[in-house]
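Shared chain: chain A. Partners: chain B in the first complex, chain C in the second.
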Partner chain A sequence: MLAYVIRRLWQFVPTLLGVMALVFLLFNWIGGDPAYLLAGKIPDPERIENIRRQLGVDQPWYLQFWIFMKQVATADFGVSWATNERVSAIFTTRLGPSLTVLVPMLVISTVLAMAAAMLVAYWRGSLTDRAIMIGCTVGQSISILVYILVFQYVLAYRWGWFPVQGWGSGLAQNLLFYGALPILVGVVVSLAPDIRLYRSFFLEEVSQDYVRTARAKGMSEPRVMWVHVLRNAAIPVVTNVMTQLPGLLVGAFLIERFFSIPGIGREVILAVERSDFPVIKAVTVYVAIATMILNLLADLIYKAVDPRVELK
Partner chain B sequence: MSPAATALPASAGSASRGLWTLAWSRLTRDRVGFASLAIVVFYVVVMCASAAGLIAGDWSREVGVSYAPPGFQGPDDPVARSATAPTVVPESAVEDLGIPDPLAGVLAEIRRGLTGAAGAETAAATLPLGGDKWGRDVLEKAIKGTETSMIVGLVAAGLAVLLGTVFGAQAGYRGGRVDDFFNWIYSVFTAIPYLLLVLAIAAVLNQKGTLTVILILGLTGWTGTFRLVRAEYLRHKAREYVLAADAIGASHRERMYRHILPNVSHVVLVQLSLHVVLFIKSEVILSFLGFGVGVDTVSWGSMLNEAQSELLLGIWWQLAAATVAMAVLVTAFSLFTDALRDALDPRLR
Partner chain C sequence: MLSAARRALLVALVLLLGCDGAPPSGPGSASPAGAGKVLRVTFQAAETGFDPVAVSDYYSGSVIEAIYDPLLTYDYLARPAKLVPNVTEALPVVTDDGRTYTLRIRKGIHFTPDPAFKGAPRELTAADYAYSFKRFLDPRLRSPYAFLFEGKIVGLDELAAQAKKSGRFDYDARVAGLETPDRYTLRIRLKETDRNFSHVLAFPLTGAVAREVVEAYGDDTASHPVGTGPFLLKDYTRSSRIVLEANPGYRGRIWDFEPGPDPRDSELAARMKGKRLPLIQRVEVSIMEEAQSRWLAFQKQQTDMEYALAELAPNFITADGKLKPEFAARGIRLERSVDPEIIYLYFNVAERIGNQPNPVGGFGAERIALRRAIAMSYNVEDQIRIIRKGQAIRANYPIPPGVAGHDPKYTSYIPYDPRAANALLDKFGYRRGPDGYRARPDGTPLTVRYSSSSTERDRQFDELMKRSLDSIGIRLAIHKGTFSELIKLGHECRIMMKTTAWIADYPDGDNFMQLLYGPNTGQSNSACYRSPEFDRRYEKSRQLPDGPERDRLYREMTRLMEVDAVWLLTDSRYRNVLLHPHVVGFRQHPVLHHAWLYVDMEPVHRN
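And then the complex of A and B:
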């Protein structure tokens, strides 16, 4: 077990180097000279020279890469080009609002989707099954933008059930008042693909031998589903949720943008709009690290709940 | 193609049927899948006609009054215009608050001059699916948007699946160092969440345009195909027919692309279909955020972007047109993908 973890952590090294090389290539080579971006509308040669020296762009590429590696290791990416805020401060202040919306959203949508998927798998092949599946396909085919626009317009602007947008300071206020509609939209959007995916997990389990055995010894159908099938189908669900998490941190950017939630995703969009390279670089590298760690954790949990799984 | 498929069952006893004819006959039996295919084909025809300039060629012409509501009053008689134009145009937020607009008189005069000038041609009071802010026909915009989104989806998916197939074939067939190298690239690309990678590249390139969107999506989206194709090649390379091909002197390249590729092409085809859907959705989001197609191109994403502010005025038809056009295509494409998978690989059912 320990040997496995160490080997996996060791494998992080080339991947992380690759991610850094990719980011470096994108921003330092294809991205062009940042001094021209920073110097403003009327580039003054002296000022450009100054900025270049400050950023280290006048160094050869291997020294620049070394600077970048030091930045990653010390978690110090300097200041944002757009706002002069420290990049590390941006991270720590934006993470809270993101998680306030993400965690309830993820929990609610997972529970609802599992319940729906179990029912649909129980009625597999029936008209209900087909109707819900087609409903999910149609629901999935509507852009997330439309869900946000229509929910915000109808529920908040027209009917006034929720605030249109905004963010407060207290956790309870944020969660129940400002966060309610974003969470609702997030749940609605993720329900359709989740039900489809989890249904396949349940169907996989329903056709297993142990289900036939349980039925053969006279176990009631609800008990088969709730005790035996649910436990086994929950394993891939958990790993799926864990591996989704880092992507969601960024993927929720549309929701954060429309509802003015000061989270990581909105920060990424702002950074892309302003060509704020330090912020994008930092987000990319750290989200990649988070992805790798969560993938490892997902594998370990998989092993913990299902002893048949062999880690190799 | 269909006469061949229907004629085949009669002769099935004499000659064994190939994968593709079998798959085709399974597909025609699947009614949902076949109907979806018909819808997809319809969209492709619309796309081609639009690209050739046969329809919606003059989408940018301002044919109607500003925010012309949907309806079939058709090109206008002067009475209808004078009746509708004043009610539609001067709806400003200021008047709602009860404060008189100090510039109202001046604006009304300018507006009268403008509509008079435009009305000298034919400014329709209503359009089939309504009009946008400049009085452009939403139906024509939706058609043009279909062209843009479909071209981006199809070409980017083609590029991504081509890359994934070539990389996967190399990694799976050659193994060893080549495999290690491609697996490393794969782990790097999958460590970064897909949308973040797309946005990061959009930030660096910092230029809009259809080609840019295609390149961004195509160059980042190959990982899923790579994983599946590599696994298929690993399974196939030790099979008898590949060894036989080796024995008759087929080169590595021939074995990879002439012998194995047709046998894994069902995986590639399903991936292609899946990625078209994924990329159409991504393009809409990118264009909506303003990192997508250029300002002189209309896409569903840019239509939704305009609809965002229109909705506050109660103008819903552009939103509805873009949403329905996209939802019908994506639903049909997804159902077709499912049917295609079932038809090509019946074991999965």
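And then the complex of A and C:
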């Protein structure tokens, strides 16, 4: 097990280098010259050069990449080119609002999707199963933008159940008042694909030999589902949830923009619009690291839940 | 009933859990009179910070305008915009043939208290302005508005050049052009005659900062603005919420403006005259990027006024520019004005783009004919109707309405006339091939390139341009680029054709006419237009104050630009400001970013 973990950690290095090379290449080839954005309405060539020098983008590419590597090693990405705010401060101040919305969204949608998936698997082939599956297919086909626009208009504006937008300074206020509608939108959007996916996990388990054996021994159907099927189906569900966790770091930018949540998702979009490379670099690297670590954790959990799994 | 019950339940739950606040302060909670007046507004994009020399975006500028004091400002009601003293005793005394500006700062104006002042009151002095102006040229601060002072003040460029070499800007060094003969007198000496320099002194970003504050906060000055203006920064969550509070030590300006010919001005003056400014206690700014959110929040009375709903304007404005009756019935008011901007299609008139010949460049008769034909094929009315959704007016003159030098009677030489455009191209030898597209007079293929970004709006411009050029048989290639890439290519004279916009930095025609001045090629002159005739007139115009002689020169320069077919002026957009009935005293100013200093709030009657 330890050897496996060390090997996987070692594999992080080339993967991270690949991600860094990719983002570096994309920014320098496609991102445009940030000096022109920062130079104002009437820039002269001398000012452009001065800005490029200060940002370090006049350096040879290998020196710029070396600085990038040092930033990753020290977890210090400097300051935002657009606002002069420290990149670390951007993360520490914006991550909280994003997590306030995304964590409950993930937990609620996972629990609801598992419950619904188990039910439709239990009633597989029935009218209920088919109706829910059709509903999921339709729901999955609709853009998140439509959900946001409709929910904001109908539930918040027309019916007044929620505030149209906004964010406060207290956790409870944000979670229960301002965050309620964004969380609801996120849950509804996630439910359709999650139910379909988790249903397939449950159905796969339902057709396994151990389930037939349990039934043959006279175990009640609810007990079969709750004790045996749920436990085994939880393994791919956990893996799926783990793959979604790095997404918490980049927020849900559409939801954050429409509901004025000062989260990291809005900041990422701003950084792209402003060619703010320090922020883009930090987000990319943090997401890559989180993805690798969480994938490793998922494998370890997989092993813990199902001892038959062999880690190679 | 149900919604009220649910809302009450939610609020009760929130309060039960001990959070620090109720729902956002609504008009009901914005106490209608006296100390509790709260004005809630939105920005449609995030601010970048509040250091006057470091910003270039409109929204940061709005907050800076509320916190800092430039030497001069503009009369709230006078149109076109009229300069008035702000912290000075009078308008500057201009001597030495327009090369020396002397200003006397009023005594007893103080910065808002800050730990940087170590508990002592800090009076505003002439040295604060000298220091603040120097900061614009400090290379380390890379100010986007350095051009306001670059090449203008005696000795300042030399100091900046030294700083570039040494890496340190010497703020203590004497600058001959920035003298403070006594504590309250500032004498500015210019290198050349400039009778319109006063506009720079009224530019909101030229407000005075205190050196102690800048040195105390260093690189974080942008989030610690300390000024002498009507408001101070009370609470700030970056990219989300900005709360300004009335400066208790504000010097006590009185609402005293002469009404203009607009009858609404007289009504406004009668209502507001003699009131002490500012009239509201707080301004709460929420950053809301999405138009739907701003629109719904306004209708729900979560905000008091709304500036930026251009894309949703058909929802509340009738075809003839009036507020729809259902909104008027609720007491909502619409303040409509034209932004001091021009939008124009420019042609790069340089002979070559990089190493390649430029088919639309040069001043040969056939090249001018091609540019003119393209301009005549473009239907500006369609642009206004389809892309602007009717929220713009046709621009005919390079100086927009509300800006000194604007000529409302000017008639353009370039009409929309595709038939005449085709005839012009036929006459100058641009023959159609079998595919219907024209070739150059020498028979080689002709393709013109139009550059735009990949936004949805720019795709609409692409389609309109394609349709226009198809109507005269010109093959079009669309070049897509990122915003920064397009700026870069424009400065390098490597864009063939592009639609662009220019909004006034200050309300003077010079700010627009300089866009065509030859030496500004590579900076603001994206058409790379170099005409000795134009440049000679422009240089002469810079020596003149606003008046008939300068206006005549501007007209001649505009004709020259049209004869050479360098630009096609298209439109200037409307600014539609929606106000709830309890917001009073508002009038959209062409240059001032906002009217927070001048508005008042009345008791709210909610249904």
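The criterion applied here is as follows: the second predicted complex is superposed on the first by the 307 of 312 C-alpha atoms of A that agree within 3 Å, B and C clash if a C-alpha of one lies under 4 Å from a C-alpha of the other, contacts with A are read in each partner's own complex, and residues count from 1 in each chain.
Here is the rule we go by: a contact is a pair of C-beta atoms (placed from the backbone, for glycine too) under 8 Å apart; a residue touches a chain by one contact, two chains touch by 3 or more.
Keep in mind it's a predicted model, so treat the numbers as computed, not measured.
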### Query
Of the partners chain B and chain C, which touch A:60 in the superposed model: first, second, both, neither?
neither
### Task
Could you look at A:47 and tell me whether it touches chain B, chain C, both or neither (first, second, both, neither)?
second
### Message
Tell me the contact category for A:30 with respect to chain B and chain C: first, second, both or neither.
### Response
both
### Query
A:167 contacts which: chain B (first), chain C (second), both, neither?
second
### Query
What is the contact status of A:85 with respect to chain B (first) and chain C (second): first, second, both, or neither?
second
### Query
With both structures placed on chain A, which of the two partners, chain B or chain C, ends up touching more residues of chain A?
C
### Task
Could you tell me if A:260 is touching chain B, chain C, both of them or neither one (first, second, both, neither)?
second
### Query
So, A:270: does it touch chain B (first), chain C (second), both, or neither?
second
### Message
Quick one: is A:93 in contact with chain B, with chain C, with both, or with neither? Answer first, second, both or neither.
### Response
second
### Task
Could you look at A:156 and tell me whether it touches chain B, chain C, both or neither (first, second, both, neither)?
second
### Query
Overlap of the chain B and chain C footprints on chain A, residue-wise?
30-31, 149, 153, 157, 275
### Query
Which chain B residues qualify as touching chain A in the complex?
184-185, 187-197, 199-206, 277, 281, 284-285, 288-291, 300-301, 304, 307-308, 311-312, 319, 323, 326-327, 329-331, 334-335
## Note on the structure
Within the complex, chain C is touched by chain A residues 30-34, 36-45, 47-48, 50-51, 54, 79, 82-85, 93-94, 149, 152-153, 156-157, 159-173, 176-177, 180, 257-260, 262, 266-267, 270, 275
### Task
Please give the residue numbers of chain C that touch chain A in the complex, ascending.
3-4, 6-7, 10-11, 13-14, 17-21, 23-24, 46, 48-49, 54, 56, 139-140, 142-147, 150, 164, 219-220, 222-223, 237-241, 286-290, 292-293, 296-297, 299-300, 302, 481-485, 487-488, 491, 502, 505, 520, 522-524
### Residues of chain A that touch chain B when the two form their complex
14-16, 18-19, 21-23, 26-27, 30-31, 134, 137-138, 140-146, 149-150, 153, 157, 246-247, 249-251, 253-254, 268-269, 271-273, 275, 277, 280, 283-284, 287-288, 291-292
